[in-house]
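In what follows, chain A forms one complex with chain B and a second complex with chain C.
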Partner chain A sequence: MTQLIFNLFNGVIIGAFYALMALGLSLILNLSGVINFAHGGFLALGAYLAYSLMPHIGFWGALVAAPLLTGLLGIAIEWLLIRRTYGRDPLYSLLLTFGLAFIFEDVSRYIWGAQSVPYQIPALLSRPLSLSYFFITGYRVFMVALVALAVAALYLLLTRTRIGIRIRAGTHDLATVATLGVNVRLLRSVNFGLGVYLAGLAGVLAAGQLGLQPTIGTSLIMPSFVAIIVGGLGSLPGTLLGGILIGVASGITSVYFASATEAVIYVMMALVLLVRPRGLLGEEGRLQ
Partner chain B sequence: MKALEAQGLQTYYGKSHILDSVTLEVGEGEVVALLGRNGAGKTTTLRSIVGLTPPRLGSVRIFGEAVTGWPPYRIAALGVGYVPEGRRIFGNLTLDENLLVPVARPGPWTIERVYQLFPRLSERRENKGRQLSGGEQEMLAIARALLLNPRLLLLDEPSQGLAPLIVQDVFKIIGAMRAEGISVLLVEQNVRAAVAVADRAYVLDDGRIVYEGAAAALGADEARVRTLAGASAEKWEAVD
Partner chain C sequence: MQDHPLSAAVGRRTLLKGLVLGAAAQVSAPFILKARGEEPVRIGLDNPLTGTYAALGKNERIGCEYAVEEINAKGGIIGRPVELLVEDSTSGDTGTAVQKARKLIDRDKVSVLIGNVNSAMALATGQVSNELKTLHIVPGGHTDAVTGKDCHWNVFRVCNTTEMEANAASGALITNAGKKWYYITPDYAYGHTLQAGLEKAAAKLGGTKVGGDLTPLGTTDFSAYLINAQSANPDVIIFLLAGDDAVNGLKQAVQFGLDKSFHLAGAQQELEVLEGLPPEARVGTWVFEWYWKQPDVPHVNDFVAGIRKKTGKVPTARTWFGYTAAWTYALIANQEKTLDAVKLAKALGGFKLPPEVALMPGSPFYRASDHQLIPSLFVGHAQSQGDDPEDLFHVDQVVDGTTAAPPEGETGCKMNWNI
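Then we have the complex of A and B:
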């Protein structure tokens, strides 16, 4: 029983990471039509930046600064490279971001080494909250709370601010948004930065749980794509739901059939697509 | 100064040549109709003007400013409101949210005032765009363009697919725009209604301007109106 709760809880945590990653991927995919394979690279970068900043500004400072810096770097890369692929064959952006992912991983290895680095989380957060459920550490609860906070902030941004409303409108019909006086080039840059910020935040949090090595992003990116497809293309609530569902599914599977832990998410995707090709909350016709 | 001067527009979609040397102008405060059969290039003309499908050759001046090659948002910022074919409202947003998308320019049109102009819309502020009727969607598309406080308004088939009573409302609004001093370029299939509201008219055929003159003269040319309008001429007569 304890083990089931343990794995269920782990599933929620890992699902929260998938969801945070997938939300960023989804934002970028929906507005710019780019499948950002470099997203895992941005996640790793956020984590390493936090690692390097921590001795100077502490964990809490790094938690604020590292995702912001990652987001700014994302905007720079979008402006320099990625926007040149807009409106072209999707193959260009796939190749570009795929290449960027490799570059990020190798640069991380070059700067910070191929081995895991010691990533310190505050002692305050590493204590278990209860003796019988020793695995519920403050850090794990903190991570879930922070992901929930980030999702709530994203929701408010997208529904209560003009820029967020324009991002949602652009997802639907970007050309019409442009004819209403909105600088869509800038909108896409900001949106890309926002998506990458979420990846950076996921990285800062994930490193404290999973350890930090150059491949940290690679293990999270495929499940995040699966989360988007399970939740349904074009739907951010769907993406969130998809992320948590596949996290929990792999958590539960690890109790009863440990070797299928990774396979189960793909099985889930196949089942969802068979029953409901547009995903759980996806818009009709989005894939056409 | 003219509100709009388009000179020798040559516009392509990929390799297909759609506009062949289209030249037209709209004077300040003037309502101009752009007529022609389906596929004549009316929508492409508007898209060339607003920057969505920039012409390969030719020039566009708006209030004296040479805007050829400008991105759509900069053209909109000059005060060009565009009501696209099929309305293209944001179905995933509420009506209120739809009205927050435009980058509002200062002027008499505010969200309050467009809700006064379209009381039907103010009753449905929380509804999603896709839940609105065709007529409400058309009103919303016009309201959205008005928030730019346009000096030039481009309307692409605003009466398409609407019930006759709603069509009359739409044309009343176009008349009201003229009273506000807004210059209007109106693309319409509904030839009789269009020539009734317009000062001048152009007829496009196969990407070329084949008629240019006073709207009243075109309206009096019964044979021409019939060929232009095809089936829709009968429909309009039935309404009267």
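Then we have the complex of A and C:
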């Protein structure tokens, strides 16, 4: 029983992290219709930038700077490449981002090497908070807090600011938004940058507890796609819910059938697609 | 005439043509030179350069390259220069590995095939080299079958079998850490055979298994398994993870403070993994298959200095695997004065590595019955930092491979010489 509770809590912690990645993916998908396979690449890049910046500006400085730089790079890539695929068959953007994912992986291998690099987090955070609940380390609590903060900030941005309201309006009907005189090109750029910023942030956080190697993004991207599908396309609260649900599901599974912890999230996805294809909180008819 | 605009245009075109020709000459020059001299002996390396095993594959490649430089400096193979051809087998796509092996043997006419880090690829390409009657040396794929039930007359292996590692590790673990073991094992051939080997070896010494989890390859979050391990209350949590999985698992175990209440240990450990860990997570009892710090063993320091000069880093066990694989071929071909695969394979049975290639105590040799190299194994513990920033392991004991290897009758290998 205690083991079940342990794993339940743990699942929430992992789920929060999946949700952070999935939110960025979801933002881009909703407004631009681009399935960003390079998201994992941006994540890895964020982590590596933090690793390189850390000796100069410390962990906290890198935590602020690395995601920002990643976001800026995202905007540059959107401007140079991604925007050429808007309005075309989604296959184009899919192929483009798929190729970008490979390029990112090889570029990081070229610059930082194929081997894992020792990425250190402040000693303050790398300890368990209590002996009996050893899996709640300072770092994990910090991660959950930061995810909550990011979600709250994103919520405020989308509901309280002009640009956020435009992003949401564009998600529903981009043609009308454009007719009303909103600069849709700029809107998409900013939105892409925001999504990539979240990927960079997720990368800086992930490298604190995973080995940082060029493939770090590839291994984390699939659960985020699953989170979006389970939560429902087009719905950010759905994505958040989806992330936490799959985290909890794999946590509970590990008590009873440990080797299926990764498979269970795909089973969940299949179930959702069978019973409620639009996802838990998704809209009908999205991306058909 | 030079003033005429048209002739200026022609001049520019000619210049461009000249440049192109010059460039072409630059590119093709080495081939022309080679065609004039002796036809080189080609060594084909089919190993991962991308994906999960890229770091390990890269170090094996450096070892091969270094060996080829040395071999050429010492007169090549039977008087002919040696050329290393490298193909990326990928880390997980066995089909690609097989296709590259065929390309190297059929089209590039390599005399020996070296590869692979991935055990499944080592087995699959072993089948290809056997079919094409080409000598094949496996530098770093550990699963037992390569020199066990799937052994071939033409396939030799440098790294240890998982069973040898298990046997070498278990004694030290029981003495240093305790008898109740919990296993965290990757869910594929390498992990399964390694755990089976350890369970067998531990049982002989009174060790018991109190639980275990099979983790999918590429697992990023180990917390659920670590929670299970903690509640089983073992003496030792045995990590059989390799590569990135090992980095993730150990990093998280230490963040959870599990190293304070349990002994964290395992069988095989690699310098590549320890280097990827933050200093506080470099803990536990492990087996290294080769280590660069052996002050009393001749030639090791020269090798370390040479690799450091080439790459800026110390050699790892992987570097040594690649180095030994390439040198093994050169030594045996020079000894037999032939490139005939069957003759060389026969001669390699029982062949002892000379000290300048062995680079370890004892005298490693290829066992004739299963073509497995029987080296020494280094049992010790990881350390956050030694005298040298790259000294992350402390050797406590050197185990003679003959005591760690299963007896010749028990490997499952039935060598078929009907070629």
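What we mean here is this: the second predicted complex is superposed on the first by the 279 of 288 C-alpha atoms of A that agree within 3 Å, B and C clash if a C-alpha of one lies under 4 Å from a C-alpha of the other, contacts with A are read in each partner's own complex, and residues count from 1 in each chain.
The definition used in the following text is that contacts are C-beta pairs under 8 Å (C-beta built on N, C-alpha and C of every residue); 3 or more make two chains touch, one makes a residue touch a chain.
Quick caveat, the model's predicted, so the values are computed rather than measured.
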With the two complexes overlaid on their shared chain, look at chain A and say whether chain B and chain C clash or fit.
-> fit
First (chain B), second (chain C), both or neither: which does A:S52 touch?
-> neither
Scan A:T179 for contacts with chain B and chain C and give back first, second, both or neither.
-> first
For the overlaid structures, how many degrees, to the nearest 10, lie between chain B and chain C at the C-alpha centre of chain A?
-> 140
Tell me which partner A:S126 touches in the superposition: chain B (first), chain C (second), both or neither.
-> second
After lining up the shared chain so the two structures overlap, which partner does A:R166 touch, if you call chain B first and chain C second: first, second, both or neither?
-> first
Return the chain, chain B or chain C, that is in touch with more residues of chain A.
-> C
State the minimum pairwise Cα distance, in Å, between chain B and chain C in the overlaid complexes.
-> 37
Which residues form the common part of the chain A surface touched by chain B and by chain C?
-> none
Along chain A, where are the residues that touch chain B in the complex?
-> 159, 162, 165-166, 168-169, 171-173, 175-185, 283
Chain A-facing residues of chain B, complex | 50-52, 71-73, 76-77, 82, 84, 88, 90-93, 97-98, 100-103, 105, 144-145, 148
Can you list the residues on chain A that touch chain C in the complex?
-> 2-3, 6-7, 10, 13-14, 105-106, 109, 113-121, 126-128, 131, 134-135, 137, 139, 206, 209-215, 219-220, 250-251, 254-255, 258-259, 261-263
Residue ranges of chain C in contact with chain A within the complex = 50-52, 54-55, 57-58, 187, 213-216, 218-221, 223-228, 230-231, 244, 247-248, 251-252, 254-258, 272-273, 275-280
